[in-house]
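The block underneath contains the structure these notes are about, expressed in structure tokens.
By letter and in written order, the chains are A, B, C and D; residue numbering begins at 1 in each of them.
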Amino acid sequence: MIMNEHDQNRARMLISCPDKPGIVATVSQFLFEHGANIVQSDQYTMDPEGGMFFIRIEFDLDNLEQRQEALLQDFQTITERFEMDCTIHIASVKKRLAIMVSKEDHCLRELLWQWQAGDLTADIAMVISNHNDMREFTESFGIPYYHIPVTPDTKQEAERRQIELMRGQVDAVILARYMQIISPELLECFPNRIINIHHSFLPAFVGGKPYAQAYNRGVKIIGATAHFVTEELDGGPIIEQDVQRVDHRDNIDDLKRIGRHIERTVLARAVNWYVEDRILVHHNKTVVFN
Amino acid sequence: MIMNEHDQNRARMLISCPDKPGIVATVSQFLFEHGANIVQSDQYTMDPEGGMFFIRIEFDLDNLEQRQEALLQDFQTITERFEMDCTIHIASVKKRLAIMVSKEDHCLRELLWQWQAGDLTADIAMVISNHNDMREFTESFGIPYYHIPVTPDTKQEAERRQIELMRGQVDAVILARYMQIISPELLECFPNRIINIHHSFLPAFVGGKPYAQAYNRGVKIIGATAHFVTEELDGGPIIEQDVQRVDHRDNIDDLKRIGRHIERTVLARAVNWYVEDRILVHHNKTVVFN
Amino acid sequence: MIMNEHDQNRARMLISCPDKPGIVATVSQFLFEHGANIVQSDQYTMDPEGGMFFIRIEFDLDNLEQRQEALLQDFQTITERFEMDCTIHIASVKKRLAIMVSKEDHCLRELLWQWQAGDLTADIAMVISNHNDMREFTESFGIPYYHIPVTPDTKQEAERRQIELMRGQVDAVILARYMQIISPELLECFPNRIINIHHSFLPAFVGGKPYAQAYNRGVKIIGATAHFVTEELDGGPIIEQDVQRVDHRDNIDDLKRIGRHIERTVLARAVNWYVEDRILVHHNKTVVFN
Amino acid sequence: MIMNEHDQNRARMLISCPDKPGIVATVSQFLFEHGANIVQSDQYTMDPEGGMFFIRIEFDLDNLEQRQEALLQDFQTITERFEMDCTIHIASVKKRLAIMVSKEDHCLRELLWQWQAGDLTADIAMVISNHNDMREFTESFGIPYYHIPVTPDTKQEAERRQIELMRGQVDAVILARYMQIISPELLECFPNRIINIHHSFLPAFVGGKPYAQAYNRGVKIIGATAHFVTEELDGGPIIEQDVQRVDHRDNIDDLKRIGRHIERTVLARAVNWYVEDRILVHHNKTVVFN
């Protein structure tokens, strides 16, 4: 990972396209001619013959902000020639995040803590919860807290209110143990930009009470999974997973305690990769350049 | 782990019973009065109030072999009083194993190798395969190799022949990537004594082609699972699991290659625990005192 | 791990002594006769012939608090017979801890957080720091904060004040990235009861700037070590270690960031084992029954 | 990792040079103009301002073998302009390896096994040992085995004979637990091309009997390190390390047994990276593009 005091001139370019000869040459030539210096580059070709091509380039360019628009315009002909899906992000423009949480607080705490320590370089625009428990903690960081209760009766209104708060205001939504189903409307506002932490090693133990499921199955290792939310429950593209060894002595409460540690670690890693523009999604899988 | 030059006097006692006060006192008092010295003891109580109690005791006793029978007889009143399920094994009496294998050879190689290196202290009584590929390798260790082809037509005869070879001749059967369904009759001969290696982190990816399943789901970690075989496919008590990190660059062949390493490690560990009498089964779960 | 709603009747017994036949029988018989029910027991014999014997027993006993003294008195003859070093702890009597910290806050945060979440069942009696930075954070938990600056001139007075605050007031001292040398006088007050986190995988990179040392050596894995403090710098008995993979891309700042996560995890684990009476020290090594 | 049926047209290019703008553009433009298709590329910049730049490019080029020389000649002007250290390897031209071994056989077994399974795509040109123990095993693979005893008297002659056998005949030398000091003359023949496995997590436990050292220090994790051999004992550039958890129950023999597994895994990984041209050395550190 490369840090830089001149981050205002650091950009990250993400490209997906069908693989063809000449992509790297064309893109790097373009950047060179525009005075940009490539400082990091990662690429992946699914299949050299006819597969998809993915690349993430970090480059430095003087007066980046003023020149970003012209750069993109000039690049237009290249994206068209190679049928590229391309985005350019300025590293110094922080992603804006909304965090949604229910009663379990460990993931929220980890995120706000890493944010405060400077390890998570994003703007936390708001925390939304169906409970009021974490208000004091959240507000102590100077972050707005919205309590939107969700009951069968208020569900529709709650979802409307959530969208109202977040649409256009944030780049992504982090479900930090938010235990309600996300509405299709909210999903549509943030395609592949809602990150959930599921408290199992997916695809094992989809759905509710995964630690009880794990205990009953007698697994020797438990895990957690950060994934983008799609319409299929716990079925979206996996961003990151991690695991820890357990044994017969660990009851369900022990699994939950051990799992909390995995969950917050895994979610924080996924969110960091998102805000650093390290994740590309293709079909139902992710390419993570970390 | 305690090694001992006087292993012929080393015994291992495995007990399962409903938890009650006084079990440890009674058992250890009994052993002390009979001149045994406890060198290792592990116990586990599922729930102090009304749960199951499990204990594994290693003890040294002079002239163990001659006194084993009398010891067991004397212990009878204790097993009855506490409704114990109890076995005593002499450490120097090696378990006899049959290994079944198909075409993938890495698990068989690992087991024979560890056996030759003295790390797996068992007798490998025979290798049975539905292919002839591993004959030369197996026989180079001086181990009998039985080629029993399995086709829809010969299935029944093959299963009969398998049982004939193994029943009464071996203590346990190790499925070292044996890709045929085990017959109910064979299962009945070796209850909780058939160990299989499944090439996924169960319960994820039950059934066939788990690496293809894992690739398609886009998991970031793959694993392998050693378990006792029961009638439910890939559903028996889990003995051991391990995992390794993969990423988007790894195609199905890479997953298989990485997986082979996990599979042989996990299976060898499970077999070692079995031959050292470290595994107790309760319902569909294992207690492993390792 | 066994939790119990009747924790006020739960005790933990730690014994070290030269190995001899009959120890387990005698101790378990004693507990049984006094009406105690053993719910967990772990033991370790260094060498069956003439080595040391260690055991940790968790037992339940009605009216434990009232009977503790009589129990210990009755047990006296046994401890003498076997030359035992024996302690009995009531699980419901929480250990009292002092935490010392300098400017790096992640270990302190993790400990207070786990304490608040109920995962660390101890009393945090005070936080002592040579800086004033963490006062507000600490006091927000209702924990007293003592700012004791340490300069070459004030060193002696500072150490006197530290001992004054802690001696007799706390059971153990946790150095949560406290960057000053501990005085011999303080060490003497808390033999094998001062736990330090060293930010390397000891014995690699003893002393200052271990992450810079690790970067310069080009290691592929970094770690952290929790150990009891002795007079030898970074040389005391190791309680716990953990590691994480790094690569050439990680500069010293990256190592520090990754390391912070390992450090707080490892220290928290060690402190938890201490407060649960899981650690025995023998010469310069630990036996951890976890 | 990308496999390809057309491997005879697959090349790998390794470049180290001072970082300057335009390197990637120039190199990729050059390859594109010569009809090459980049299928994989990894790069690393130590410090965007004035640091070193490293890149590994895999590309496909029709009729690679015939065109290799011309390609290199054309590339000359670029290597000169950027002061590059550049090598191009044809993937289908296997590296030739000599393996040196003493009495411990597990590393040699793992390498030959992986070689036989097709996981290690190199030519094993010979095995050299100061003992005769592994002759039969080695020759069963059809690999020449040279027994060169090393005693104080024969040392010089032995070293002369080693060089005679290997110089110009192999690309690299693998010390698979070869327990003799490598002569400066041999080192000179194979600069950064002698890979050793050290049975500890370096820089901890340099020198002899590392498992005994680890046991005495009471570490909770042990490891192994693959590194290039230099004149400083156990001090050369580290290629790969791995570790495994141990506990107080593990005596020195247990550590050795557990360590054997780590050693063979780590060495095999390092050798695989070497033969796939994934390792660049800069000063005393490695850049591994894996």
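The rule we apply is simple: a residue touches a chain if its C-beta (ideal position, glycine included) is under 8 Å from a C-beta of that chain, and two chains touch if they have at least 3 such contacts.
All values reported here derive from a predicted model rather than from experimental measurement.
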Exercise. Rounded to the nearest 5 degrees, what angle rotates chain A onto chain D on CA?
Worked result: 180
Exercise. Taking each chain's centre as the mean of its CA atoms, which one is farthest from the centre of chain C?
Worked result: D
For this session: Tell me which of A-B and B-D has more C-beta pairs in contact.
Result: A-B
Exercise. Taking each chain's centre as the mean position of its Cα atoms, how many Å separate chain B from chain D?
Worked result: 37
Exercise. When the C-alpha atoms of chain A and chain B are each averaged to a single point, how far apart are the two points in Å?
Worked result: 42
Exercise. What residues in chain D touch two or more of the other chains?
Worked result: 2, 44, 249
Exercise. For chain B, which residues count as touching chain A in their complex?
Worked result: 44, 201-205, 217-221, 223, 237-243, 247-249, 284-288
Exercise. In the complex of these two chains, what residues of chain B are touching chain D?
Worked result: 1-3, 105-106, 109, 113, 117, 119, 140, 249-251, 253-254, 257, 261, 265
Exercise. Contact residues on chain D for chain A in the complex?
Worked result: 2, 4, 21-26, 28-29, 31-33, 35-45, 48, 60
